[in-house]
Amino acid sequence: MNSTVSAPEERQPRLLDVDALAAAIERFARERDWVQFHAPKNLVMALTGELGELVEIFQWMSADESRDAARAPATARAVRDELADVTIYLVRLAAVLGVDLDAAVRDKLALNAVKYPVEKARGHNRKYDAL
Amino acid sequence: MNSTVSAPEERQPRLLDVDALAAAIERFARERDWVQFHAPKNLVMALTGELGELVEIFQWMSADESRDAARAPATARAVRDELADVTIYLVRLAAVLGVDLDAAVRDKLALNAVKYPVEKARGHNRKYDAL
Amino acid sequence: MNSTVSAPEERQPRLLDVDALAAAIERFARERDWVQFHAPKNLVMALTGELGELVEIFQWMSADESRDAARAPATARAVRDELADVTIYLVRLAAVLGVDLDAAVRDKLALNAVKYPVEKARGHNRKYDAL
Amino acid sequence: MNSTVSAPEERQPRLLDVDALAAAIERFARERDWVQFHAPKNLVMALTGELGELVEIFQWMSADESRDAARAPATARAVRDELADVTIYLVRLAAVLGVDLDAAVRDKLALNAVKYPVEKARGHNRKYDAL
């Protein structure tokens, strides 16, 4: 994303690295001739469907019960599986769109730090425009 | 995650690395005393809300139009922002649940390779149980 | 929907009636030349986006707090608005698909009564295949 | 919403009527002692899960293919079932919240007519603040 030359010590460290996963999914799709189906519009729907399955796991739990969902025998496997599915489609979507998730996330966190100053935001969850 | 000793050449390389992002979000939440709100049940809803905003960007586009959404002046910024929001909540959710996304994704890809053999899955999008 | 002649007392009463709303939305869309955008694929995405806005209202609330959300001054208006948006897109989607919601719902409730017998389902929320 | 006395002929006709369905669901839940689980926070998640299943049906279809989804043998049953599930949870959610869907929808349509004047909105899908 950045074509200017910069010394290594000036670069910010990455917050996340999804390159290997993006490449693995691309290869998987290519082998099955599925790239044709992977328009962003379709992928964001696939992501919605997988997230729906994740939501279903938590829907009747109390907030406290949900904290143990990945350790409870009845739900651990499902939680892990659905988190994986959501992650796979999210990384695929970003790749097809040509979005650098690391840069996007970095910018968003910087923006959030401005929108939610520590002093004003502490201890409640009002939206930034209601702080 | 793996406490057994293994020679480097036996270890599989990571597919994704979200550790630095998870730590940054944790710090952000802690500074604002927001950890109390971050039950998985709540976070999966926050993820749903952010995904809804991403979906809205694509809802009236054709599949072809959606391919350029991250480059079109009218939508590029929004696409990048919403992808970042979804990523942040997803990584936070996995961290709070104690799920290693890299391991979960690796297992899921291995499972998918079995569920969707190249020969049977090529060129169509039927679910594995309808192949 | 039913072209066979049947005595009134044999017909089941309707569970819901969305005809007037479906007609009002159709008129609204037609006046703005929006029918072209109303493919089911697009409408289900619009429905997802609106539901995301509804979910956002509840994401940080406890279950108990959520019970009063339509009466709390801070959220009553938003809850009502987003419920309306979801309803409008749902009714529009069914209309465009040619699905009779009343008949679909009636069939589903009958199915649910079989899947969740009172004796077995009482007091817990396991899925029917885990009863 | 309207506390003034008005003659019946002045009242606007209902746009939708979900009373019988709401009563049927209430009875169904009560018989199974499920009312305890039906906090709005939980119900909006259940609605999300069901909508996710509806979205999955359409995710790989083109917009044109989606128009026939309720008539295509492969998908007709699923489309009808998932629409019913979404409707059931939506009506239940509104009932538990004490929201009159008919009044909410009526107000929203009136608002939309102001936000999207026919002359300005015709033939495109920009959001009202971008008209």
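Residue numbering begins at 1 within each chain, and the chains themselves are lettered A, B, C and D in the order written.
Simple rule for what comes next: contacts are C-beta pairs under 8 Å (C-beta built on N, C-alpha and C of every residue); 3 or more make two chains touch, one makes a residue touch a chain.
The model shown is predicted, which means the values in this text are computed figures rather than measured ones.
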Pair joined by more contacting C-beta pairs (B-D or B-C): B-C
Turning angle required so that subunit A lies on subunit D, C-alpha fit (0 to 180°, nearest 5): 180
Residue-number overlap at the subunit A/subunit B interface, same or different (half cut): same
Geometric centre distance via CA averages, subunit C-subunit B, whole Å: 29
Centre distance in Å when subunit A and subunit B are each reduced to the mean of their C-alpha atoms: 4
Shared interface positions of subunit D, touching two or more other chains: 37, 41-42, 44-45, 48, 51, 55, 58, 60, 62-63, 125
Touching residues (chain side subunit B, partner subunit A) in the complex: 13-18, 20-21, 24-25, 28, 31-34, 36-37, 39-42, 44-45, 47-48, 51, 54-55, 58, 61-67, 69-71, 79-81, 83-88, 90-91, 93-94, 96-99, 101, 104-105, 107-109, 112-113, 116, 118, 121-123, 125
Residues on subunit A engaged by subunit D in the complex (per definition of touch): 37, 42, 45-46, 48-53, 55-56, 58-60
Interface residues, subunit C side, partner subunit A - complex: 41, 44-45, 48, 60, 62-63, 125
